[in-house]
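Presented sequentially are two complexes of subunit A, the first with subunit B as partner and the second with subunit C.
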Partner chain A sequence: MDMSELTQSSAPSRFIGGQLLGSSQLVLGVILAVLCIAISIAAPQFYSEANIIAILRQCALVLIVASGMTMLIITAEVDLSVGASLAFVGCIGMAVLNSTHSLTLGLLAALAFSGAVGLFNGLVVTRLKVNSLIATIGTMMMLQGGVYLFTREAVQNHHRLASFTDLGAGYIGAIPLPVVIAALIFALAAATLRFTTLGRYLYAVGANERAVRLSGVRSERLKLFAFVVTGLCVGVAGMILSSLMNAGQPTAGRGFELTVIAAVILGGTSLLGGRGSLLGTLLGVLVLKVIDNGIIILGWNQDLQMVVPGIVIILATYLDIVRNRANVG
Partner chain B sequence: MSLVSTDTMKPGPSMLARLVARQELALLLCLILVIAFFSFTAENFFSVRNITNVLGQASLALTAGIGCAIVFMSGEVDISIGSLLATIALPLIIIMNDTNSLVLGIGGALLFGLIIGVVNGYLTAYAGINSLIVTLGTMFIMRGGVYLYTGQRAIPDDAALDSFIALSDGRLFNIIPYSAVIAIVLLAVFAYMMQHRPFGRQIYAVGGNPEVARLAGYDVRRVKFICFIISALLATVAGIILAARVGSAQHTAGLNFEFQVVAATVLGGVSLAGGIGSLTGMALGVLILQFLSNGLRGLGLPTEWQLVITGMIIIAAVAFDEAKRRRAIGG
Partner chain C sequence: MSVDFLHPGETVAIDKSVPALEMRGIGKRFPGVVALDNVDLTLEPGKIHALMGENGAGKSTLIKIMAGVYGKDAGTVRLRGREADIKSPRDSLKEGIKVVFQEIALIAEFSVAENIFLEGYPTGKGGSIDWKKIRADAAALFKRIGFNVDPAARTGSLPVSQQQMVEIARALAHEARVVVMDEPTSSLTPNEVSLLFTVIRRLAALGIAVLYVSHKLDEVFEIADTVTVLRDGRHVSTRPIGEHTNDTLIQDMIGRRIENLFPRKRGAPGSKVALSVEGLSTAKKLKDVSFEAHAGEVLGFFGLMGAGRTELAKAIVGYDPITSGTIAVDGSRLLPHDTHTGVRLGIGLLTEDRKSEGLMGELPVYQNASLASLSAFARMGFVDKASERKAVQDYVDRFRIRTPSLFQQVKNLSGGNQQKVLISRWLMRGLKVIVVDEPTRGIDVGAKSEIFALIDRLAGEGLAVVMMTSEMPELLGLADRIAVICEGRLTAIMPRDKATQENILNAAIG
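Let's look at the complex of A and B:
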């Protein structure tokens, strides 16, 4: 286990194929394929264009936040406040939109707020040295309380701006706009992690923070960066969500943080830091959402949407461990 | 443990500084300050009735907190306890409705809790899966299972046994709620175990440094396995008290409970890194948060403010603790 972790963290392999085979993504790819085949045998309408677009649309919100969260978990930190922040951001964005009639200002307000939340989390973790699990539980509580102090009811959309409605419901060609936005953010984050010095440092900080600091790099800044990026992703997702719901809901985003973290972990990113990839996260999001979709298509009880992912997370992690052991031994 | 030894070795700091350096004393001071503050500012705060009420309310987090702290000390985490609270209420209420027997109901609930503890413990200690992932998974599975089974409706307690109702209403000598008595007894038993029994020492050793613990001949996996079972069983006891209080099995019972307990435990100085902390500290952490929320309500602040202030206090307390520790190492 230690061996494989070392080799994977220090040198991300050059070929995408090599990386696929060298990490948990192979297991996940097989799981995804099996799921798709099984569901489409039971329900042929699974492969309709409308259904595939519906799945992608449902993936978008999770994938946007998971892109930031993957970077953050690679640096060995975590953010549990994203669900609470998602709800708050939607309310603030909608309120600003209502009072200014400007989508730009609404978006800016949402990004400023969610970025500030990320900055706060990052400063608490890097300056005050508070464990990020605890720090972000604290932030989660403050945001959950704060959003109700801000508004007790949903902030309705008073000024039906077409551009705002498009954010959630619009299309570019045949592809929903949220999916396009998610793909852009995902590609940007993936490129940063794979091809830039910054990305390599993010892995290094997670694998061995001390070594990074001793080599003269400010590890705190890297972590701060990952927190702020995660915050900004929440801002984008929050605005899309409020566009989809046509309101800012203070109760939105309950349990969202757990779905996002589950997808990232499922994608093979190690909670200990230094190991993981965005490709894995994409597969993780797809697996979770294909399961959700399958349960609906097959007409099963929707409460299974909580049970099955729980089993899949544990199973996938276990298979990964077994495979690692086989590789080493 | 390490805190205590550095304190006794260094003669330097003043008496007061040394007292504050003892985690539990600092926490006790905080608790007294909180109680003193609200006694002067909030109406009806400093009364026997209110304080025993708070103890009763704190009993849930106190009981489950023992398990949470023990799992933390062994170097793992258990975030499935909130879902467990809702899950074990099902066998409890259903068996009681069928048999009119409190003992059978509690037996069924404990058996359920035991199974969950074995699953969590086996997957973590023997299968080697990260405990955050395992308990995140079982948290989803249990909550989803409860939703499935109940169809998102509460199952009422039709048996309405006096003994069961007494768990929420009854008071020892008409003063202390039975739930608080249960929590205090369990706390005393487990605090004794942690400080004076070999198994307690093994938990500290395993959490502090598993490699050294293994070399010392401890069965690291077995210790962690048992810690998860203890945690699940104590959460079961908390779940029974909660079911008695609401008089039904609620599918939403214990939502976010795991976060409250984790926060109080960490506030009490139990480190997520393992091997550090005490059950006394955890108990003080729970009481500080509970008195704080009760006092804020007494001042007429809406519950939302309680969340905000609690969140701030948790971050501030852990930051303060961390600064102190770094100074102790640096100086």
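Let's look at the complex of A and C:
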């Protein structure tokens, strides 16, 4: 029985090391290391500074949204509308920028829209008691259609604001700005989950919502909070994406929700709620993006960018089951 | 399979001189645990044999070996004098052993008759199923056990008690010589229990050996001829029931004597009203319930299954909506459907359903204990983990919660220790009124007295304890006043010294 203290993968444990070693993150860390070593043997340019920066840049968008999504999945809910919302946010942000020439107003509009989408999802789930999988598929369809009602083609950059271009392409020192933003959001979310009462309640509500409600905690508000945070993260990511593309693309973000959820699940967060960590999510994002990068560097067929991560998700989950079984025995 | 023997009134020729089932030196290991060690059990035809023991004593492992769910690692099984090799549930049925598990294993969508003949439908001409014969045979089986169930009824629409009868009828259809009943009364009303006992006695009269697995003392005294007690996977005793008293049975089960199951240390209750409920009604169950609970008293609510105990508990803590009435905690009004305010005013529920309403099974002990009082350990929104854990450790020590560490997942603790964690959750928060719903459900005899002592202590510290229970001894042993509900109405409320089993039961029947 003493063993389970080491293997408990739920919530914060005493040592960061203990948490690392004790959960699916160990499996994931090994997978990441093997991948990096294998790719660099086959293609030494993998370890160049330029390539590492490129990988981090590609991780940024996914990590931003995955930070919110991790919180949401820990509360045992999920949001499938983030991809559709990402495209819509970019179009709206760009349109507001074009008419106001103010980066602040553009960002605020994007955050207001994506936050409202999150709030809508949250209200449908907590008030109308619609299952979040279904509710957010509904939202996704509404947004995918709605964006075409808003604009049939890409919203082009007519404002030429340099600060907007920096959002996606700028640097702080040697580090791309999107990576810095992602790191900040990640750190904030991770600290919230690990150290605050709010974070503890998020785990609790995912582990047993009724128990939380009977303990006098307003569980609906916690879920609502997680939905809104996820929405806000989409707002930030959507603006960075439109900056990178220099346009608001209504077709952007297709399948983005699956990449985000895959990274979170790969990182060991349970879809049943109550279990998971942002450290795991970070590793999940890195694994997926290193695979992407490796396939390009090795000159493989790009369609494998979908196939290989699919295999990795099944394999990593299976290895986790095997590891748990070994620990029980 | 032959179903020809199924004529009403026909008796099965059973040789009563040979044991129906003889298990010798049974051993079973699971990784890291010895579940059974050299256990013997002999079942005589026509006798009712009780198997008792606390959770983890090895009762279920033993019956799962009989049922062919688990293989055994050591020992022999003889059926009617012949050595038998039971490798699968199918073998077990073929050898004439029928185990009725707590989780009923019937197909809910099928008719009763279809379920009875699941393993082999009688066929007519051309291999088509003879539905008429199935219904008639099923009806004949029910007649033999003296119970009336419509063979054409959809099984899932029947109450658990009748589904058990279907299982028993299946046993007869298989010509079972040994019928095992696993905790059969855990979800039955008293009426249903007495019907079940009639049927079980009937099985014995047919010459079948019955193994009755239970931890309820009164039931075992009522129905068993012989009792075998297991403890920690070992055989402790096998004796005729006449040689046992309550005390000797408990002693065998827990390995020590319990001096007094209901130690009373608290003084007389105060007169301050901590909870006042007036005219409370809910949409489904409760009708016009009014009562007051005083600081320092245990107010026991008794009611039969379905009387509305749990509904009342959930309504007065503000969990469920109400249609009319008022609830006041310490003078302040509590609006329904608002546990947040409820807890702030100082009323909380110790649920009967620990798994789905109390525990966060995957989370560690300390997080389960501090759930309701987390904000007390927060500085600017951050949890001060050191002081939180120190506070929890304090309760673990004081209540002797047996856990390897504060970081153990709470699902791995025993029922009694889980209950103590949940009581700690409320004590850490500080309440004025605690509503406890079936506080000892699923808890071992040994741990029960500790829970009783804790409830006594809660009242002693000045809380008003509102206790919902269906266990008469618990009610009489703990309560200062006794309230009885029947079909959602309060039918009696009386001081403990005026209460007798008879007047309580009369009020409960309505």
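One rule holds for everything that comes next: the second predicted complex is superposed on the first by the 318 of 329 C-alpha atoms of A that agree within 3 Å, B and C clash if a C-alpha of one lies under 4 Å from a C-alpha of the other, contacts with A are read in each partner's own complex, and residues count from 1 in each chain.
In this text, a residue touches a chain if its C-beta (ideal position, glycine included) is under 8 Å from a C-beta of that chain, and two chains touch if they have at least 3 such contacts.
Since we're looking at a predicted model, the values are computed, not measured.
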Q: Using the superposition on chain A described above, determine whether A:212 touches subunit B (first), subunit C (second), both, or neither.
A: second
Q) Which of the two partners, first being subunit B and second being subunit C, lies in contact with A:133: first, second, both, or neither? A) first
Q: Name the contact category of A:204: first (subunit B only), second (subunit C only), both, or neither.
A: second
Q. Between subunit B (first) and subunit C (second), which, if any, makes contact with A:277: first, second, both or neither?
A. neither
Q. So, does A:307 touch the first partner subunit B, the second partner subunit C, both, or neither?
A. first
(Q) Going by the contact rule set out at the top, does A:317 touch subunit B (first), subunit C (second), both, or neither? (A) first
Q | Intersection of the subunit A residues that touch subunit B with those that touch subunit C | A | none
Q) Along subunit C, where are the residues that touch subunit A in the complex? A) 31-32, 317, 319, 339-340, 342-344, 348-349, 351, 356-364, 367, 371-372, 374-375, 377-378, 381-383, 385, 404-405, 407-409, 412, 425, 429
**Q.** Interfacial residue positions of subunit B with respect to subunit A in the complex
**A.** 123, 127-130, 132-134, 136-141, 143-145, 147-148, 152, 259, 262-263, 266, 272, 302-308, 310-312, 314-315, 318-319, 322-323, 326
**Q.** Residues of subunit A defined as touching subunit C within the complex
**A.** 1-2, 4-5, 8, 10-14, 195-198, 200-201, 203-204, 207-208, 210-218, 274-275, 328-329
Q | List of subunit A residues in touch with subunit B within their complex | A | 80, 124, 128-131, 133-135, 137-142, 144-146, 148-149, 258, 261-262, 265, 271-272, 301, 303-311, 313-314, 317-318, 321
